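Heads up, there are several structures right after this.
Each of the two complexes below includes chain A, the first together with chain B, the second together with chain C.
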Partner chain A sequence: MLGTFCVLSAGVQRAWSSSSCLFMDPSSPGLVLQSQSTDVFQNLALEDWIDAHVDLQQRSVLLLWRNRPTVVIGRHQNPWAECNLPAMRSAQVPVARRRSGGGTVYHDLGNLNLTFFASKKAYDRRRNLKVVTDALRRVRPQLDIQATDRLDILLNGHYKISGTASRLSRKSSYHHCTLLHSADRSAIAVLLRPSCPGIRSNATPSIPSPVANLSDHAPSLQWEELLEAVVQQYSSEFGLTSSSQCVDPADEALFPGVGSMEAELRSWEWTFGKTPKFSVETQLELRDERPAARCSAQLQLEVKNGRVESCRVEVPATWLPERLSASLAQALLGERFCPHRAAAALSALLRCESGPLHSRLHNLCDVLVAAMG
Partner chain B sequence: MAAVTRRSFSALRVLLTQQYRRRSFGPQNLRLSRTESAPSRWAASLQTSCNRTLQTTVERRRPVVQFKLSDIGEGIMEVTVKEWYVKEGDRVSQFDSICEVQSDKASVTITSRYDGVIRRLYYEADATALVGKPLVDIETESASELSQEDVVETPAMAREEHTHQEIKGHKTQATPAVRRLAMENNIKLSEVVGTGKDGRILKEDILNFLAKQTGAILPPAPLFQEVQTPGPAAAPPLSAPAAVRPPPAAPRPVFTGKDVTEPLKGFHKAMVKTMTAALKIPHFGYCDEVDLSRLVLLRSELKPVAERRGIKLSYLPFFIKAASLSLLHFPILNSTLDEGCQNITFKASHNIGVAMDTSQGLLVPSVKSVQLLSVFQVAQELTRLQALGAAGQLGTAELSGGTFTLSNIGSVSPPGFPTPTRSDPVRPLCVSISDRRDVCQAGHSSSRGRHRSAGENPGWFQNRLKCWSRPGSTLQAGSQGGHERPQLEAVKLFQLRATNPPEDENLI
Partner chain C sequence: MLSHTDLLLSLSVVKGPCSSEQARAPESSREEEERTSYQALKFTDKHEWIRVEDNGTGTVGISNFAQEALGDVVYCGLPEVGTQLAQQDEFGALESVKAASELYSPLTGEVVEVNTLLADNPGLVNKSCYKDGWLMKMTIAKPAELDSLMDEAAYERYIHSIED
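This part shows the complex of A and B:
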């Protein structure tokens, strides 16, 4: 499937050995690239690379890419509030933070990503979206396709098939959008919900919308046909003469330095550490087996830069002595807001305690860890 | 005296601009030229006022510029400030990032237009900023920013201030990151030669300076500098050899010779408590060597079988199973004492923990109910725990409930024979595979045991396995002597067990 993604592009395929050949062709004011990779971090790194290193004053670039199942959050969002991290872990769906703003999206191989690179002066998102809507209208005139004020593209006035986000730097800009061709909508419902209850934050929230796939309403529209249509429309809108090229985002020779950009995007510090400060306030339900008893406790956490900055566990003194719940709260300070890190820190504490309180303490640890997603 | 005064006055006047002369002296000028009585008094007051205006001149040379939020395009009038990269007092260079703002799904990085010092931030994080209104105040300092001042001659009188101005005029330029690096290493930026634009000091300059000072090895200079983006026609293309660079070498440590203090947090802080508690328990040490040659052969036979089932078979599953078998005969080694040392609980399940070095630190997940598992099943469980440990995903279920622990300290020989001491917090059973040419050494085990092992039952462990056991948290002080026997028995039991043929289905 990946091979066909590249081979069926318009025009002749040329082998590029260095980025100078790729970006230096003075004859054309535009360039269309297709990424060979389905790894979200490699593709995001390629976006960064193009934004940083290609002179966009004289030309614009369109990058077409798609990813294996991933959840992508916006620059200033909170991953714990936006997506269900435990479910994603078991489904092996990674989370990535992009550099542009906006909300959370679910990517998979049925979703086409388009990135329009231009200089800051030539930054025009409506013009870019017009390329997409005109292309769709050309190949399937019977579809009702409209771009909204919020820069979404709606199908039949109701279903969202595309969302937009963009990033502006000193001299350059890029605007990227999704296009749902044949994505797995059930996964969206399962994965795009909070990881843990009680999160309060000022991070950019996502606005959920009903979505639809193009293939549901136009079953005959093939992936390759969609790509062709978009490339042709882009060429006519931006006055392109050269053909589209396949590139490998991991090719360090072609894109020197892209590897370190990819590494930064993969790092915990970027994905989780860049979360704006937030707090968690929730009730914990504790129980004991022998004798059977129940109790409620309050948990209050402040998380800054992805790490626990302050923690308060209020357990009734009749259930557990205050020193124990206080030492539990102490053990979490400075650790990443992560159930595994919490488990490690709390297990170390549990080993010191024994006796009748041990099972209650163990239960409190389990419930605490579960509250962290 | 009058002549001296007149000369000094004219020298001072040269220093000052028209502006200040007019402002400060005005009528005094005329008065001075007319009246030459009491020249010393005038000279003194003139000097003070000159000094004062000189100081004013110095301050006025550093204007504070209001850096306004520029137009983002698309008619957007307000944005939300999301993250500040600088704070008041930070030094910035032109093009350094100042903050990140967001508007309508666009994330924008605002970069500085000037070199200087941040004097005021107009917004907090999450506040709404208006386009065209001030965002930050920057006190600029680069000479080109200032208006033209005439500093032609340097008279003897004011040489100090003038030199002071000169140094200030050529204040060193460096990004906040470079300044931090210099500060951490106690380096004065004025001593470093800058090789960047306008004499700006780069990170490499600091590292070179450090290397000269300490003779330390430096990390290699970054291979990827600012790439010259190719212009449409005139600029030279990115040369092919430059584009194909070798991957950067791993950074080598730089010795800075400075103490660093950090607060102890989270897991490490909890471990302090655990290890201190462990020290309250009396320790008992015992060391023995076991010959493992037949085990080696057995493992090499079984390894491909295991690999076909996707399991990497090491020696550890064998040791874990052997420990469990001996615990069946000596359940006291699988017990706990309560707080007041009143009661001893014999644990039914053999949950054998294995010390693991992970990114989070030393963790001890346990294999549960080893008494019910075969060697192969133990190997499977170990593989699962190791994968979780490597991914940093061990949970409370895996990390708690251990009753007996094994530590593989690798192929390092334990230093001599361990003397049981209270201050050495070693895990209950250490195992190390040592050099195959060593002659079997005796520990506390009597030679009787050794002969028996050599003669009767070469057993499972036939390569020079140094067994070194400490009962750790399960036994009481004062009964050390009494428990020595069971351990000896336990070791010999490993050897005895080995007579079971490898085809025993319980074990595969």
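This part shows the complex of A and C:
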């Protein structure tokens, strides 16, 4: 099974037939779960499920998980502003929007995610982060590890190895954080940049920080040892027996309804449609080959719920008649802000136009599509 | 006979609840204006308030207890005008430095207006949670639901019970 990392620790790993067995043990003040899945949507759905269904008034839960390469944006962020969607498409790296706040992060199998579930009354992010920092200091006392006021964890006072986000819902809370063990830092640099220029938005921005992997500074620290340390520290801090249970977040028998939660998180409407309204204002560079000629045009778009709400394409009339640029702008209205949708909408228009202006129109279409991330 | 201005000046130094029309004059203290409108509020156990306006719509916001607990609000995720809400439906979220916090509709109805000032100034929710930091306005489809909400005194008792 791809990405399985369940650690069989001192506790017994049992097969769970229903979530009531898993969560209703009255003798335990909480439990530690490890997800068998490396699919971000399944893992986020499991978080939602636990948040909605587990009674956290008297107990706490820690969920440990990791994902195949993914970019995860915060609840109120703009994916076009935060990450390079064309590069991600080529690399087959999906984007996911989580329900908690905060900024954009890159996940891969070298990044450990920890989710601390508690009642709203017991919500204490500092206490949770202390589990992580104490665990690290115990296994590698020579490392300089500190949690900041912003609830980042820094290595050597400078490199971010963990970021935090959280959510408060009806009856409960969760606080999750990343922990960089051995992630691909070059991917971060390539993927966490805007998809297209000229975005103006009041979506919550990310705060970029220099990052480091624990493995760069403590090469002998293996993944399994890190996991064990965290499980032990959490258990001791929260008064549990030190063991963890493996779960399959796609198991509908264990987590009834988790499948539809996953489907919602995967949906375009959630991932892109929930983007706060934004505008794009950028200059387009147009060119002709025979004879060689150039021209600048202005693009102005408003995007609401991920769709083009208004569009203006200002091309000098000497380059293209105004009626043509206006009809291009018109063709994009109501379409998803997406290069594929734009290309489809515009190609229908292109088919109708032949003659000497066709190549200029074609060039304008290409440039417009490229401006859409 | 006191001049209009004299009357307003003398009223503005009086603390405490005042239901006379003069107390709503612009020159009255902000605290007095806040308290006058505060008394007409009903509260949910999720710390939202709703105020029934003269035209029968309800203005919705979050309480002082809630805004203090949230910390500085950095983003308000509000619904579209026209959204149909049942009582207790999630209608949006506030993001603060502490968390993304869901918002729950106090009543059943339709969203008729959202506070567009919050887009550029989400901090209004902290600075003026009962007045300029209102979140949305909605129709009141089932007025009987108001009876299930707490008045100010009941809400004060509720807060004290959860703080213990």
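Definition applied: the second predicted complex is superposed on the first by the 364 of 373 C-alpha atoms of A that agree within 3 Å, B and C clash if a C-alpha of one lies under 4 Å from a C-alpha of the other, contacts with A are read in each partner's own complex, and residues count from 1 in each chain.
Operating definition for what follows: a contact is a pair of C-beta atoms (placed from the backbone, for glycine too) under 8 Å apart; a residue touches a chain by one contact, two chains touch by 3 or more.
All values reported here derive from a predicted model rather than from experimental measurement.
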| task | Label the relationship between chain B and chain C on chain A in the superposed model as either fit or clash. | result | clash
| said: Quick one: is A:S169 in contact with chain B, with chain C, with both, or with neither? Answer first, second, both or neither. | reply: both
| Is A:R99 contacted by the first partner chain B, the second partner chain C, both or neither? | both
| More residues of chain A are touched by which partner: chain B or chain C? | B
| So, does A:R351 touch the first partner chain B, the second partner chain C, both, or neither? | first
| query | Of the two partner chains, chain B (first) and chain C (second), which one does A:H76 touch, if any: first, second, both, or neither? | reply | both
| So, A:E335: does it touch chain B (first), chain C (second), both, or neither? | first
| message | Quick check on the superposed pair: does A:T204 touch chain B, chain C, both, or neither? Answer first, second, both or neither. | response | both
| query | In the superposed arrangement, which partner chain does A:E252 touch: chain B (first), chain C (second), both, or neither? | reply | first
| task | Examine A:D55 and indicate which partner it touches, taking first as chain B and second as chain C; both and neither are also allowed. | result | first
| message | Going by the contact definition given at the top, which residues of chain A touch chain B in one complex and chain C in the other? | response | 74-76, 99-102, 123, 165-170, 202, 204, 276
| field | Residues of chain B that touch chain A when the two form their complex | value | 72-74, 82-83, 95, 100, 102-109, 111, 125-126, 223-224, 227, 229-233, 237-240, 243-245, 247, 263, 265-267, 269-271, 273-274, 277, 336, 338-339, 360-361, 363, 392-396, 399-400
| Within the complex, which stretch of chain C touches chain A? | 46, 74-75, 77, 93, 95-96, 98-102, 104, 119-120, 162
| Contact residues on chain A for chain C in the complex? | 74-76, 99-102, 121, 123, 165-170, 173, 175, 202-204, 276
| query | If you look only at chain A, which of its residues touch chain B in the complex? | reply | 17-20, 23-24, 26, 53-55, 58, 74-76, 89, 99-103, 120, 123-125, 150-151, 164-170, 202, 204, 252-254, 256-257, 259-260, 274, 276, 308, 327, 330-335, 339-341, 343-352, 354-355, 362, 365-366, 369
